[in-house]
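Next, two complexes with chain A in common: one pairs it with chain B, the other with chain C.
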Partner chain A sequence: MNKAIAIIASLGLTCGVAAGLQASPQKDQENFQSFYMERFPDVPKEDFVNGIYSIDPAGRENWEAIEEFPPYETAISNGDEMWNTPFANGKAYKDCFPDGPAVAGKYPYWDKERSMVVTLALAINECREANGEKPLKYKKGPIADILAYMAYESRDQITNVEIPEDDPKALEAYEKGKQFWFAKRGQLNFACATCHAQNPGALLRTEMLSPAYGHTTHWPVYRSKWGEMGTLHRRFTGCNKQVRAKPFKAQGEEYRNLEYFLTSMSNGLPLNGPGARK
Partner chain B sequence: MLSFRKAFAGAVSATAIAVSTLTLIPTIAGAEAPTSDVEAGKKIAMDRRKGNCIACHQMAGGEGPGNIGPPLVAMQARYPDQARLHAQIWDSTAANPASAMPPFGKHEILTEEQINQVVAYIMTL
Partner chain C sequence: MRIRHLSAGILAAALAAGLPTTTWAGDKADKATFEKSLTAAEEARKKAASAGGEWRDTGKIIKKAKAAAKEGDYAKAVKLADKAKRQGELGYEQAMDQKDAGMPAYMMAGGEPKKVAGTSAENKITAELESVEVMHNGEKVVVMRGHDKAATLPEEFLKTDRGCPPFCVQPLTVAEGVETVGELEVLDYLQRSAKGDSSILVVDSRTPDWVMRGTIPGSVNIPWDKISQGQMGGMFGDAGEASTADGILIDKIGAKKTDNGWDFSDAKTLVMFCNGIWCPQSSSNIGTLIKLGYPADKLKWYRGGMQDWVSVGLTTVKP
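Take a look at the complex of A and B:
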């Protein structure tokens, strides 16, 4: 508990402190990662990509059984087909992503010209719209399929989100995401950090709370509770609803900034999406 | 006519507040709570959409409790002053800003009556 408060103090309360004392994203990352590694000293660093299953042996056994016939396989093959099917204008996804589908490790990134965080889901829809196709809905369905395919092709790439120092707007977006993560919200008054920094490993009823280190590595996810695939922003929405807060728009500025901050906290961890969760 | 109605409505709600305040006094003063309050409080404490105390606290008779908060035992010894328990449920962040507990009164998650019933129940643990 005291350590949780220390991480909150070292990360969350730095906003507004004189610039000279303000922790850098680099320092935040070190604090964040060492917090979880000290909290769960028996978990090998790379195992944090497995989320809750890195710390819950009983849940892990069920999950490993599920992974033998992964419930996200259909999504990967649907996404594969989407990737290889030309748009009505004859072009295809590969014309927007010349390096191929294995590019998940490059997202999210700061686009200096547009002064905004660009996520992979956003880039996919921008590709569609540039080619006269309708954008996909952001939380489930075909967007999760194409993301699943691209995530699968990108497995083992290393999370490496940069907060470019030559643009204060990038740091601002990062700070907004950080603030979002630490801000209590909703009727129930929970921050992301309340469960996932103060209480990872504790039980909420019979559900164990997951550590946030590694939260972003394995999306999209087939979630048994959903009975289907969903995106990271769908999960953000669900978390906000659970604390009785009004969710923000999937791929709106708030969640993109949150993704920017949260993904950077897992810098150095390999990507292992798509995933399966309870 | 309109202003009369308004004045009348105001008078009624003022009375309602006075009455509800009166009914609170015995509970706050620490008198033995009626069994019906204790039972109602237990239901609220176990109900996922109401108090849901069981989500974070171990309580005698509650199945599958969480462990984010401390077990609710020896409550009379821990809270000789019932008003302090009431305040804790109403807004635990007043005493401890880092508390993870939802502010049940401040955020109107439970009504004043429901909080009093929960207090009555918790004091029996």
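Take a look at the complex of A and C:
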């Protein structure tokens, strides 16, 4: 870790003053994506959906072997069952999601009436509560199952997060998510960007840091380190803890705004969830 | 630069906060001392949390402090509570510093910030002048106006009632022979200084807590009290303060102390500012310097100060 701090401190020397120019989400997206494509010119654009395995050939070999018998399959079939099992009141998920389970590509979105970012996980729990069911815990367990099923059904949909221009609150939520991603936090003073923008491809001990472009396409994931499935917000929590910041609530406003920003940065990439990671 | 200094500062502080510290209260800690420390720690933690800047272990450290107190080990309990308080303070400071974090220059194409199409022409400094390159602590900084139509004054410059005295309205001319200057002149001095003219020094006379929130790129901070109180108070015996003030005049400003008093023949041209028309700090410094014999024509006064600088959205930097 000391080495990483030294690297980051030295990088800080060269990056100068961040100009306070506020670019449009569209411009941000172009800058963000071309930054990674210039940083990894040999990685085909579509391959960024594979996260770390787009830049780590050794890890990729292992991963491809794992994908032959995907560890997330049980989650998909559990989720399938959840989808098809009616709630106590006789209704089911399909009554909340009339277009069927293949809707992951529509999330997260800005709900103008409620003036908030709605994620798929949130929509699932709201569906449950509207039908008299208990909400699911947001980080692992059944929520990851139903998300895995819906993600699987949504594969190959294209990430297309819109920041509607007719509502300044939407832009505000986006900017908050952006600020979160670039703000240093915690005792170690790391931003998300410190690892995943300044240092992708560098090693933290034995682990290679992944590029952020494509970070949102493959959730939920089965993580070998967890030995189970987990959601995107579980991962946010873990990242924040690692820099010794107190994590925020899963599906709270901070992480939903973060998901809104981060997903929009991968606009144009196909969805390939659920995934498997180390 | 802002990034570098902050990381270095916070990291150092962070490491310090991670280490056991000796506390003055350690030896004579009792229940009352602990409770005071605990309250302070809780408050600092909550303040950090309110800004989204709470650190991971602060709550745990507070719990440990409580456990130690329960066992009667107040020395340990106070030490832990103080550590938690320090973490809370640093977390809050960090969150405040990072509240405007955005896409950094290295993510912009070519490593330079891309200008938003169509806006750069809309907010120049003057019709002919878009930006000025200055040097701040050895690094280039481009000074320009902001490009955010919704931008408003920073919070610390919103107040209109600060109480006079001491925050009295300053005259247009601060002393006979001292030229009052505006933003464009300040930018010109900064540019000349950046190009290697070492006879110019733009001086932020404010106390460091103000400077931390942002200053004019290219300025150096010489807190007003270091000169004014040092020189004036020093005559009546505070040798420590007087020698600090002497040191500043000699090291930073190029003055010489001779047996016959001060020799300012090689002293720099000082462009002095503080928070603006309601701030007496730079005026007071100029008064002191003139009493010491500093040539008035080598003193320039930027009367508008930070208040005017930020009111037109000019670039600021954190030291």
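Note that in this section the second predicted complex is superposed on the first by the 257 of 278 C-alpha atoms of A that agree within 3 Å, B and C clash if a C-alpha of one lies under 4 Å from a C-alpha of the other, contacts with A are read in each partner's own complex, and residues count from 1 in each chain.
By definition in this document, a contact is a pair of C-beta atoms (placed from the backbone, for glycine too) under 8 Å apart; a residue touches a chain by one contact, two chains touch by 3 or more.
The shown structure was predicted, so the numbers you read here are calculated from the model rather than taken from an experiment.
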item: First (chain B), second (chain C), both or neither touched by A:32; value: second
item: Touched partner set for A:80, first chain B, second chain C, both or neither; value: neither
item: Which of chain B and chain C A:204 touches, first, second, both or neither; value: first
item: Partner chain(s) touched by A:246 [first = chain B, second = chain C, both, neither]; value: second
item: First (chain B), second (chain C), both or neither touched by A:259; value: neither
item: Chain B versus chain C as contact partner of A:178, first or second or both or neither; value: second
item: Contacts of A:189 with chain B and chain C, given as first, second, both or neither; value: both
item: Contacts of A:56 with chain B and chain C, given as first, second, both or neither; value: neither
item: Set intersection of chain A contacts, chain C complex versus chain B complex; value: 5, 8, 187-189, 198
item: Chain B contact footprint on chain A (complex, rising order); value: 1, 4-5, 8, 187-190, 194-195, 198-199, 202-206, 209
item: Complex contacts: residues of chain B adjacent to chain A; value: 54-56, 64-68, 93, 98, 100, 102-103, 107-109
item: Touching residues on chain C, where the partner in the complex is chain A; value: 1-4, 6-8, 10-11, 14, 17-18, 49, 52-59, 87, 90, 94-95, 98-109, 113-116, 139-142, 146-148, 315, 317
item: Complex contacts: residues of chain A adjacent to chain C; value: 5, 8-9, 12-24, 27-28, 31-32, 34-35, 178-179, 182-189, 191, 193, 197-198, 240-241, 244-248, 254
